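Chain naming follows the written order as A, B and C, and within any one chain the residues start at number 1.
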Amino acid sequence: MIETPEPDLREQAQRAGSLSMTGSVATRVLGVVAIAAVGVMALLALWISPADAVQGDAVRLMYVHVPSIWVAYGGFVLTAFASARVLWRTRSGVGGTYGVIADRQARRWDRVAGAAAELGVLFTALTLVTGSLWGKVTWGTYWQWDARLTTTVLLFVTYLGYLALRRLPAESRARARRSAVMALIAVVNLPIVHYSVDWWRTLHQEASLNLEPGGDRNITGEMYWTLLYSWATFTVVALWIGIHRYRVLRLEELAEEASLEELLAQRRDEQAAGR
Amino acid sequence: MGAAVAFEGVVALLDRFPALAGADLSVQAGEMVCLRGPNGAGKSTLLRACAGLVPVRGERAEVLGFDLKAQRRSVRPHVGLLGHRSPLYGDLRVDDQLRHCADVHRAGVPEVSAAIERFALGGRLGEVAIRRLSEGQQRRVALACLTIARPRLWLLDEPHAGLDTVSRDALDELLADAVEAGATVMFATHETDRSRVAAARQVMLAGGRVEPTAPVSQTNGPTDVA
Amino acid sequence: MWREIWLVCRKDMIIEWRARVTLVQIVPTVLLVLVVFAFALDANPSLLGAGAGGLFWVAVLFGAVLGAKRSFDIEAEGGNLDALRLGGLVPAAILWGKAAALALQLVLVGVFAAAGLLVLYSVTVHDWLLIVVAGLCGMAAFAICGTLYGAMTVGLRSADTLLPLLLIPVAAPVLLAGTRAFDVALGTSADQGWSWTALLAVVLVTYVAVGWAAAGPLLEDA
């Protein structure tokens, strides 16, 4: 069927076209700041800060390792908070104007949960990689069944599953609710995992590892400031990526909504064709 | 009596596909409605939407006085749905399944015996696993469960398909009895035997919408069945 | 409420009684896992004896994944879950009824796996009470977890492959605590077996609380 598209459809297509960018002035500024900050951080971490007396240059891994787990935990906490909001918003069937508003807010929080979990998984992976590299240098082995590492890898796999669950095609509200429940279970389970693994290792290890990456050793001077600075840098970078991911998820939903009108029109054409 | 179903511009999305694309339908309580239309017209989705199992949007979507947009769940206990597939546990025996239905719907022994008699499920058949039954026999068990549930709104998706003549008669009788007792019945069918569906108001569906037809009174008059 | 839980549980138990999937398929699979571990460890009696507690729980965890899958397969078949919803059953009743039935089946699996341990790995039990209490707590925790995640993935495409990925990390604490408790009961470790069992009980209570909260959002719509 060759037909000129209806004006409102064309308008929507144009609107969708103009929305195909996820950048805005604010995020561009944020992006420039983030990139510049990473550059400065490389300078600080690789040249200006001193090597460690015991660990040598390996200590420089700390400036990536410690901030990434901080960002990862922040992402998971945000996922849990947003998921609680999703469930709170859809706790009962609500109709009318209030229902529409609640639905919109639930969708917004669902996107926040999704974007934050992606960040969390990404930075957990970064933590694990830098951690095992650091382990190879200081302990001579990539992996130790250390409590913190074990907990982190379980956390990683749990949220990998969460993202897999989100990817399955389903009605958007049902999916939002289902993944929100899973995110909350994961958070409730986290202290249990941590506690049991901790107990398991402390009971079975003769000597606990004091060389633990980012452990409780006192860090002072330039190393301290560099760590603090990398922590701030990672937060900015994560915010930047997170905002873009949020907007991509929003665009996906908008594209779905826009295609809905088209699908409805097509569906109605079936009726005309059938007659 | 009021309206059993009041739909205005109802849209239902199944995994982003608009199975209902703005359906308007009004069914009075105590009415019998026959849904017709080509495959994929949206008949099954309309029935599932009436049962409160599909999220809907649109201007108005009410079933038995419940607003489906706000409280989809509240309508469910008052509705009986028989879908394409019979909702039965294949590993259960017929008598297990009927007992389970009776317990869920708080029905007593008389209702169960009546249902068994109506669909000839007594005797040896009661001890057979549902998986071993033929399609038509399974359909009869599902219909018996529906009878036990005594819903106010009956929703049936091709209930005649796969049934033998005796069972078809039993089904028609069952639906007539249900309407007589004040329930509302909606069924989708490709049945061509006019006598079986003549008692029902014909509603045509196509492309996820209800075809606009001249209002047909409830006088069982000849309507377009083709 | 209790009546509805009982209805759902009884229905699942009758299905198991008629079809015997747990007894004829899941139990042999779990025993097979125990045999295969012996291959992996070169049938070394001292290794098998030392790892018996852990191998038991790993085998039972596989059984729990299969059981959870099966428990919701029967509901997805022919739209039975819709029928339960139309019957006006409370979501929590569906969840707890199915969890109770799964727990009973897992206890059955556990009994067979424990017998397998005694026969195949020739372990000696020093503390039967610890085995029974820790075993029951662990099976119940697996059952609740399995039911929650089964409900989460019911009717979804590729749910079969997703379920283990979701279930195993969450069940890790149960695996860990159960293993430690069993090691003590089997005399291969001088740990505090009852403390680990207490941890299992805490996990169980937590899952019960989570289940109460999650039943509604998970099961009232689909």
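Everything that follows uses one rule, which is that a residue touches a chain if its C-beta (ideal position, glycine included) is under 8 Å from a C-beta of that chain, and two chains touch if they have at least 3 such contacts.
Owing to the predicted nature of the structure, the values given are computational and were not obtained by experimental measurement.
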Graph class of chain-chain contacts, one of line, ring, star, complete, other: complete
Most central chain, judged by mean C-alpha position against the global CA mean: C
Rounded Å distance between chain A and chain B, as computed from the means of their C-alpha atoms: 46
Whole-Å separation of chain centres (CA-atom averages), chain B against chain C: 38
Between chain A and chain C, centroid-to-centroid distance (C-alpha), Å: 31
Sites on chain C at which at least two other chains make contact: 221-222
Residues of chain A whose C-beta touches two or more other chains: 169-170, 173-174
Residue list for chain B, restricted to those that touch at least two other chains: 55, 72-73
Interfacial residue positions of chain B with respect to chain C in the complex: 51, 53, 55, 72-73, 76-77, 79-81, 83, 85-93, 96, 100-101, 103-105, 129, 145, 149
Contact footprint of chain C on chain A as seen in their complex: 87, 90-91, 154, 157-158, 160-161, 164-165, 168-170, 173-174, 177-178, 180-182, 184-186, 188-189, 192-193, 195-197, 199-200, 203
Sites on chain B touched by chain A in the complex: 11, 13-18, 21-22, 38, 40-41, 55, 67, 69-73, 206-209, 211
Contact set on chain A toward chain B in their complex: 93-96, 99, 169-171, 173-174, 256, 259-260, 263-264, 267-275
Chain C to chain A touching residues, read off their complex: 148, 152-153, 156-158, 162, 165-166, 168-170, 172-173, 176-177, 180, 191, 199, 202-203, 206, 210, 213-214, 216-218, 221-222
